[in-house]
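Common to both upcoming complexes is chain A, partnered first by chain B, then by chain C.
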Partner chain A sequence: MFFRMVKGTFVKQWKKMLMLALTIALGASIATAMLSVMLDVGDRINEELKAYGSNIIVVPQSEAVRSKLYDIEGESVETDYLREQRIGELLTIFWANNITDFAPISDTYADFDGSEVKLIGTWYNHHFEFSKKGSVYERDTGIINLRTWWDIVEGQWLDEQSIGSGEYAMVGSLLAREHGIKVGDRISVTTENSSEILTVVGLYDSGDIDDSHIYTTLPVVQRLSNTENLIKKIEVSAITSPTDELAIKAAKNPSLLSGDEYDLWYCTAYVSSICFQIQEAIAEASATAVRQIADSEGKILEKTELLMSLITFMSLVGATLGVSNLVTSSVMERSGEIALLKAVGAQNIQITTLLLTEFLITAVFGALGGYFMGYGFAEIIGRSVFSSSVEMSGMVAFVVTVLIFSITILGSIPAIRIVLKLRPSEVLHGGH
Partner chain B sequence: MRSDRQFFFRQILSSALRRRSRMIIAILAIIVGASILSGLEMIYYDVPRQMSSEFRVYGSNVIFSPSSEMDISEESIREALSLIPQKALEGYTPYRYENTKIHNMPVTLAAVDFDSASRTSPYWHIDGAFPSSDGEVLVGAKVAEELSISVGSLISCEQTLEITEEIDTSKISSYEIYTDPETGEAYADHKLDLKVSGILDTGGSEEEYVYMSYSDASYLTLVDRGYDIVEVSIASTHSELQNILSRINQSALDISAKPVKRVTASEGQVLKKLQALFFIVTVVVLVLTMICVATTMTAVIAERRSEIGLRKVLGASDSQIVTQFMTEGLMLGGLGGILGAILGYFFAQYVSMNVFASSITMRPVVILVTILVSVLITGLASLVPIKNAVKVDPALVLKGE
Partner chain C sequence: MSLLELKNVSKVYGNLRALDSVNLTVEKGEWIAIMGPSGSGKSTMMNIIGCLDTPSSGHVILEGRDITKESNRALTELHRDKIGFVFQQFYLINYLTALENVMVAQYYHSMTDEKEAMAALERVGLKDRAKHLPSQLSGGEQQRVCIARALINSPSLILADEPTGNLDEANENMVIDILKKLHSEGTSLVVVTHDPEVGEVAQRVVKLSHGKIVSDEMNTHS
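Then we have the complex of A and B:
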C-alpha cells in the first residue's frame, strides 16, 4: 500500500516532482561547483603567483659578499662557485615535484664595443637529464618561466631546444638602443680568457637593471670567465605552503623542533623546509628564500582563499534557502491530499513518512544530477580561468549529500507539521 | 473605471494577505536571488582595487629617479605625490645612497625613514628591531656575515671627505683635516659610531646594504642633500597606474617615474586571473539562482490554477487575469529586488571588511541593475505558467482534476 502510494505520486504528479528534483539539482550543483573551486583555488592561484619569478636562490655556502658589492671594473674578484653537475640533486629532494622551474646562472664582465658589459649565462628552455642511483630525472626548464614580466620587443626567446646552447644572445633594450643592436646582428665580446661572436636572437625589455645586460647561454659565459662546469647560483621557483608558526619556529633553527614537529615541518612544502632539503642534497650550497616573493605569496593566497570561502558560504546559503523554499511550498500545495489522508484515518506518522520518502527519493535523483552538473560547472571554471581542470574531492560529494538531505528534511518537516495541524474538514471544504 | 482599479488593487492586496505563506516563500526566493546578485556584483567590481592594495606586500611598484644629474628634492617628491590620488597612495620611501667604510670594508649605505620603509617593503624580515633613534643602524645580512657583527654590536663608519664648500666644517669637531701632498686637496677623516639594532634578511640585494637615518647620513657625510631614488607603492589597476605615471612624467618636475615591471606585470597577470575567476563564479551562481527563483515562482502560480478557473467562470477575461497576476509578480519582484539589493550590499560589506579590512564602494548602478533583473526574472518566470493557466478549461480545474 505504502509503496503503491509513493509510486502513485511519482506517476501522477511527475511534473511537480520533476520541478522539485530540478531545484534540488540546481542547489546541489551550486554547492558542488563552489566547494570544488574553493578547495582548489589555493593551488591554482599559487601556480599563477609563479609569475613573480623564483622564490628560492641557491648560492655557494661561503659566497663572499665582496664579489657582489664591488664589481670593480677590470679587477678579478675571487668568488665561490657551485659545480654544474650538482644541479640535478635538486630533483632528488622530497619536494622535487613542487619545484616548477629552475635555472643555473653565471655571469661575467666582458668588453663589448669599447665598453664593459655584464653577460649572464643561463638556461632558457633547456632539456635537462640527470641520473642517480639508477633513476633518471628529466625536466625542461630555464629562465623563460622565471622572467614572465619580460617583454620581447624584437625577435624571440632564445630557443635552446631548436638552436642549441651555442653562441647566441638576447640583449637588453637599453643596451641595444645605445649600440644600435638589431636581431640577427653578430656581436663580439671579449674577456682576458677568450673572445666570442654571438648572434642576437632577441631584444627584451625587463624594466630593471637587466636592460643594460646581455643574456647568453651558460657555456659561453663559462668559457669567457674560464669557469667550465661551474655556476654562480641557481634560481628556483617552487610551489610552497604559506608560512605559519611552525615554519617560523623551524626557520630559526630546525634542530630545536621536537621529533613530531620536525617530521611535520619536513613533510610540508614550507619554503624553509624546501631550502633545508636543498642544502641537504647539495652540501656545499646555501639555499635562501627570496622573502619579497616567498612571504608575499602566503598573504595573497590567504586573502584569495578567504574571499572565495565567503562567496562559497553565501552561495551555499542561497542554494539552501532556494531548495528549502520549494520543498516547503510543495508540501503546502498538497494540503488537500494530506487532509484527505487524515480524513480516511491515516496517522500523522504515516503521512509524514510517506511525504518524507517521496521527497528523499526526489532528493537522491536531484542531488545525483546536481553533483554531476556542478562538476561540469567546476570544470568550465577551471578550464576557462586557469586552463586546467579542477580536482574533485570525495569530501565535496560527502558535504553536498549531507547538505541536500538535511535541507530536504529540514525544509519539509515544519511544513508537514503545519499542514497536519489543519482540520481536514476545513481544508477539504476549501476554506484554507 | 475608478472602482475597477480599486477592485484590481483590492484583489492583489487580499491575495497577498490571505496567501501569506506562499507570498513569503516567493518573496524570500527573490530576496535571496537579488542579494546574491548585488553582493557578487559589488565584490566583483571591487576585487581589483582591493586586491591591488593586498599585492603591495610584494613591495613598491613605482620608482622615482632623478631625470637630470641632480638629486630629487623634497618639494618635487611632494608635488609628484600630489598627482597621485590620496586613496591609492599606500606609502613611499625616499632613499639616499652613500659609499662608506665600516672597519675598513667599503659598503654602500642607504639613508631611509624606517617607518615608511617598513610600509613600502613589508617583506623585510628583521632579526632584532628597526632603529628607533639616531645612532642606531640596520645592517644587511650579507654585510653582517662578512663583518661578523650581530644585533647589539657597535660599529663605526669612517668616511674620507674631500673638503669642499658644500661641507660645513664648523659643525663637527671630531675630525682632522689633512692635505694631499700631490694634489693639494684637503681631506678629513670623519667617523660615526653606531649601534646595530637589527640585521635585515630579505634573500635579495637589500642584504648588501647598511641602513641608517637621514640625519645620521648627513652627519657622516657632512652634506645635507636630496634623494637618489623614491620607492612608491600605489594601489590601482594597471591602466590607472599608467595614467598616474604619465601625469608625473609630463609635469615639469625633475622626476622620472617608472613602474617596477617585475611587480606590475606579474600583478596584472595574477589579477586578471582572479577577476576572471570571480566573473565566471558570479555568472554561474547567478544563472543557477535565477533558475531557482523562476522554479519557485512557477510553483507558486501553478498552485493557484483553481483560483484562475473560478475567476474565469465569474466572467474575467484572459487579459484581465494575466494583467492581475503579472502585476502581482512584478510587485513581488520589485520588492524582493530592493530588499535583496540592500541585503547584498551588507553582505559585500561584511566580506570586504573581513577579507580586506576596508569598506566596499556603494554602487548605485549595481542596486539599480539588481532591482531591474529581479523584476525581469520574476516577470518572465510568472508569464509562462500564467499563460498556461488561463488556457485551461475552468470546469476541469474547478472539478479538481
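Then we have the complex of A and C:
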C-alpha cells in the first residue's frame, strides 16, 4: 500500500515531481561540474603554469649558499656542479609521479663568429633510463615541455629521439638575425678546451635573453667546458598542492613540525615537501621552488577554488529554495489527502516518511540526470578552458549524492512543518 | 456505560464560543442527527466527538475513558480505532481505486486485507466497482466508498458530516438506506446534517444554535 501510494503521487503529480527533479538536476549539475573541475583544476592549472617553465630548480648546495649569501645568480659565480648520473634520483622520491618533466642544464661561453656567445646544453625530448636497487625508471623528458612559450620561427625542435643527440643546435632569433644564421647552417663554436661544428635545426623566439643564446645537446657543452658527466642545475616541473599554513611553516624549517604535521606535510605534494625529498635523494643538491610560479600557482588555485565553491554553494542554495517551494506547494495541494490520512489514523511520522520517500526518489532521478549533465558541463569547461577532458570522479558522485539528499531534506523542512501542524478538523470540515 | 459523553464541553476560538457548555450522551447503537444553522457549532462538536479536536473546557468520555487531556498521538490512535468518518466532500484519494481507498484505512489501522475490504464494498453495493478510480464513480458511489472506508475497521461510532450534502436525490436515498441498514445492524451513528430528510430518519435529533443545544428530542418518525 505504501509503494502504491508513492507510485500514485508520481502519476497524479507528475508535473510537480518533474519540476522537482529538474530543480534538483540543475543544482546537481552545477555542483558536479564545479566539483569535478575543482578536483581537476589543480592539475589543469599546473599544466597551464608549465607554460611559465619549471617550478623547482636543483643546484649544487654550495651554489645555493652562495646565492643566498650574495643574493646573486650570475653565471660568473657558478663553478660547482652536480654529477649527471645523480639525475635519476629524482625518480626515486615519494612524489616522483608528480614530476612531469625535468632537464639537466649546463652552459659555457664559446667564441662564435668573432663574438662570445652563451651555449646551453640540455635535454629536449630525451629518453632517460635509471636503475637503482633492481628497479628501472624510465622517462621521456626535456625542455620541450619546459619552454612551451618558445616560438619555433624556423625549422624544428632539437628532438633527440628523432635526430639523435649529436652536434645539433637551436639558435635564438636575435643571434640568428645578427649573424644571418639559417636552418641547416653549420656553425662553429670554440672554447679553450675544444671546438665543435653544430648543425642548426631550428630558430626560436623566446622573448627573453635566450634569444641571444645557442641551445645544443648536453654532451656538446660538457665537451666544450671540459665538464663531462657534470651539470650545473636541473630544472624540474612538478604538479604541486597549493601552499597553505602547514606548507609555509614547513618551508621555514621542517624540523619544527610535530610528528603528525610532518607526516601530513611529507605526504602532501607541497612544492616544499617535493624540494625536501629531492634534497634527501640528492644530498649534495639544494632544491628550491621558483618562488613566483609556486606563489602564483597557489594563489590562482586558491582563487579558482573559492570561486567554484561559491558557485556551487549558490547553486545549492538556489536548488534548496526551489525544492522548498515545489515541495511546499505539493503538500498544500494535497492537504485534503494528508488530512484524510490523519483522520484514518496515520501518525505524523508515517505521513512524513511517505512524503520524504516520494521526494527522495524524485531527488535520486534528479541527481542522476544532474550528475551526467554536470559531467557534460565539466567536459565543456575542461575542453574550452584547459583544452582537455575532465575525469569522472567517484568522490564527486559521492559528494553530490550527499549534497542532493541534504538539500532535499533541508528543502522539505517547511513542508514537513506544514504536515505536522495540519489539523484534519480544519481541512475536512472547513472550520467551525 | 454510554458510548460517548460530553460533559459541559466548551470550545472557544478567541472571542467566539463555538460550543458553550454542551452536555450530550450517545448510547451504543443509537443514531443521532445533529442539526442547526451554519455557525451553530455542528462541525466543532463533530471534531470533538471524532477526537480530531479537544475542548477548551469540559470532559469528553469515550467508552468510559476521559479523552479530554489526551496527547495528539493518543487521539490519533483513538479516532483510528473507535471512529469511522464519512465526509461531505468524500475525501477519496483520487489515484487509488475504490478498493485501495478502503484499504488505506486498514493500512493505517493494522494491516491490509483485500477480502475484508471487498466485503465492506459489498455491504455498500459496490463490489463490482472495486477496481474503479474515484473519477470513474458517481458522487453517490464515492460516498458509498467513503462509508465502506469508515466501516472497515469496525469502529464503535460512525461519524458522518453532511453525508448527503453533495448528492442528488436518488443517491441521497441510497446513502440514507445504507445508514438505515447499518443502524439496524447495531452500528452507532452520529450524523451532522442540514438535510431534514436525514434528520427525519434518525432516532434522535439534537439541534444546536450559537454553540448551545436548544433541543434534544427522540424522533417519532424513525
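Operating definition for what follows: the second predicted complex is superposed on the first by the 267 of 432 C-alpha atoms of A that agree within 3 Å, B and C clash if a C-alpha of one lies under 4 Å from a C-alpha of the other, contacts with A are read in each partner's own complex, and residues count from 1 in each chain.
FYI, a residue touches a chain if its C-beta (ideal position, glycine included) is under 8 Å from a C-beta of that chain, and two chains touch if they have at least 3 such contacts.
In this text, all values refer to a predicted model and were calculated from it rather than measured experimentally.
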Partner chain(s) touched by A:82 [first = chain B, second = chain C, both, neither]: neither
Which of chain B and chain C A:11 touches, first, second, both or neither: second
Chain B versus chain C as contact partner of A:340, first or second or both or neither: second
First, second, both or neither for A:303, with chain B first and chain C second: first
Which of chain B and chain C A:239 touches, first, second, both or neither: neither
Chain A residues touched by each partner, larger count belonging to chain B or chain C: B
Which of chain B and chain C A:423 touches, first, second, both or neither: second
Partner chain(s) touched by A:350 [first = chain B, second = chain C, both, neither]: second
First, second, both or neither for A:381, with chain B first and chain C second: first
Intersection of chain A interface sets (partners chain B, chain C): none
Of all residues in chain A, those that touch chain B in their complex: 16, 19, 22-23, 26-27, 29-30, 33-34, 37, 41, 45, 48-49, 51-53, 57, 64-66, 68-70, 148-151, 205-208, 288-296, 299-300, 303-304, 306-307, 310-311, 314-315, 317-319, 321-323, 325-326, 328-330, 332-333, 377, 380-381, 384-386
Interfacial residue positions of chain C with respect to chain A in the complex: 11, 13, 16, 18, 39, 41, 43-44, 46-47, 50, 52-53, 73, 76-77, 79-81, 85, 87, 89, 91, 93-96, 100, 103-105, 107-109, 112, 149, 161
Chain C-facing residues of chain A, complex: 1-2, 4-5, 8-9, 11-12, 336-337, 339-347, 350, 423-425, 428-432
Residue ranges of chain B in contact with chain A within the complex: 21-22, 25, 28-29, 32-33, 35-36, 39-40, 43, 47, 51, 54-55, 57-59, 106-108, 121-125, 142-143, 145-146, 201-205, 208, 258-266, 269-270, 273-274, 276-278, 280-281, 284-285, 288-289, 291-293, 295-296, 298-300, 302-303, 347, 350-351, 354-356
